[in-house]
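Each chain carries a letter (A, B, C and D) given by its place in the written order, and its residues are counted from 1.
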Amino acid sequence: MKLKIFSVGGTIDKVYFDRLSAYEVGFPSIQTILAGLPIGFEYEIESLLRKDSLDMTDGDRRFIKKRITAEPCSKIIITHGTDTMIETARVLSGLDGKCIMLTGAMEPANFKSSDAIFNVGVAVGAVWSLPDGVYVAMNGRIFDPFRCRKNREMGIFEDT
Amino acid sequence: MKLKIFSVGGTIDKVYFDRLSAYEVGFPSIQTILAGLPIGFEYEIESLLRKDSLDMTDGDRRFIKKRITAEPCSKIIITHGTDTMIETARVLSGLDGKCIMLTGAMEPANFKSSDAIFNVGVAVGAVWSLPDGVYVAMNGRIFDPFRCRKNREMGIFEDT
Amino acid sequence: MKLKIFSVGGTIDKVYFDRLSAYEVGFPSIQTILAGLPIGFEYEIESLLRKDSLDMTDGDRRFIKKRITAEPCSKIIITHGTDTMIETARVLSGLDGKCIMLTGAMEPANFKSSDAIFNVGVAVGAVWSLPDGVYVAMNGRIFDPFRCRKNREMGIFEDT
Amino acid sequence: MKLKIFSVGGTIDKVYFDRLSAYEVGFPSIQTILAGLPIGFEYEIESLLRKDSLDMTDGDRRFIKKRITAEPCSKIIITHGTDTMIETARVLSGLDGKCIMLTGAMEPANFKSSDAIFNVGVAVGAVWSLPDGVYVAMNGRIFDPFRCRKNREMGIFEDT
């Protein structure tokens, strides 16, 4: 019973920047989250990219797909920026023998009010429970990436 | 898409007591947790009991089963003390047309290091994803209540 | 025994902004901080400005000085951005009959790792304890604004 | 500019115990608090006792006094249980050449709602600012230990 986790950046991993400093997507925050909890399964975390998802290119998505295709573990979580999480999920659809859960956060994991820990929990609960496929785990729900969108005004993912 | 949540007490809801004060299981902490997050589904929370699970009786379990049997919502989470969570889960097995997820926490939700938010996330992710049945969601895993136990020394739930 | 608190903005009050949203200095975070604590003194909080301190003008400082001069309470804390906190402190020097403590934070109060609560504590402990004058309370120290500077590389205030 | 910190136990350092586990006063929490902050002064922390302050004896207080008398540093903070903090402060009065600040917390430092970080801040701000003597720093105020009491019903220290 093993879980492979890839981080590619996004708000969940953002660290603070002030007006005189450079902006930065930091260390995979899912590592800090899981390290602080009594976790009963084996996992491995690998940082593939550290990008705001608005900056992610088609090339980045091909790279992610290549790495996930080569990954022997069948249970996979990807922490990703929310703005283009759905696009990446669609690119990953059709991979055989894998249950892939994309999640992220509306607020950086270092915020007191962040949804990061909860979202990671939702992704973990769903990845063990669902058949192979690609899913988006946000706002306490599990979405089919071909039938959802991010509603920026509401700050929430919803069905289309 | 609606979730019904019952709280019956346990460590997750414990509030502080000092040497000169009375001990107390407080308000359902899952309510505070969900209220602080951008949740995309409808839910309703009902407090059935406020007990340390070591104090829970057969009568308490019959009462919980009666209430859950009468509950029309098919997706159910119960926050429960960890010491006898498995016993309650077994009592609830066999109810038709319901996916019931029991969860709780090793440390009170008000602790900085608590596993409560994560565990609630795991239960939420799993309750939408699994077929009808009764499950225990602890330590980032989903257990069959007839094939797990709480390992007190390790502070973790494990397979039997 | 009363404390008057003015907020003028700065990192301590910053709220999150993502790439597609507008930037904002939010509500005075010292209000949330004190409201959550068992405080044994009377206080009043007034928001004068909501500015990144790099955007603060001479006119802003004249306005702050005017308001503080008119303030009858003799014990005053100002939450302020760290980049020009020292300049504002110097402008306020020479006001009779007032003990004025400027503080702020290196990280927004909403960050888990923020220094905001601690810094507010230091300012409160010092404002009751020192003779009239203007002081900067940062990094657990109380500085004379004419003999300190912000060391940006180290992220710390220090003596000059 | 150096601060010596002694911890003797109390609620601030309490770690969780459940119904089947032994009770424990843990590691000095002030160490974790200060280690996570951008602190601009030198400090040293020493754990003298790990006791609920209700269990503290006259012998314990003599031991604390002996250690503090022998301490060369003139600026001292003691983290202490709140129930008998005032008694210990009185025992320490009359020591020459030292500014001694006793503080603690109404809730363990590991609680999300704990007053520990704030109280430590208040003690730090006051210890640099006040003349030699013994003081109690609680609820954002600095008390003379001969003119205050803990109001248990209100959960607050107050003047007598």
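Just so it is clear, a contact is a pair of C-beta atoms (placed from the backbone, for glycine too) under 8 Å apart; a residue touches a chain by one contact, two chains touch by 3 or more.
Everything numeric here is computed off the predicted structure, so don't read it as measured data.
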Farthest chain relative to chain D (centres taken as mean CA coordinates): A
Whole-Å separation of chain centres (CA-atom averages), chain B against chain C: 43
Centre-to-centre distance between chain D and chain C (centres being mean Cα positions), rounded to whole Å: 26
Multi-partner residues of chain B (at least 2 other chains): 113
Arrangement of touching chains [line / ring / star / complete / other]: ring
Chain B-touching residues of chain A, taken from the complex the two chains share: 1, 33-34, 36-41, 106, 113, 115, 117-130, 137-142, 155-158
For the chain C and chain A complex, residues of the former touching the latter: 11, 16, 18-20, 52, 54, 83, 107-108, 110-113, 152
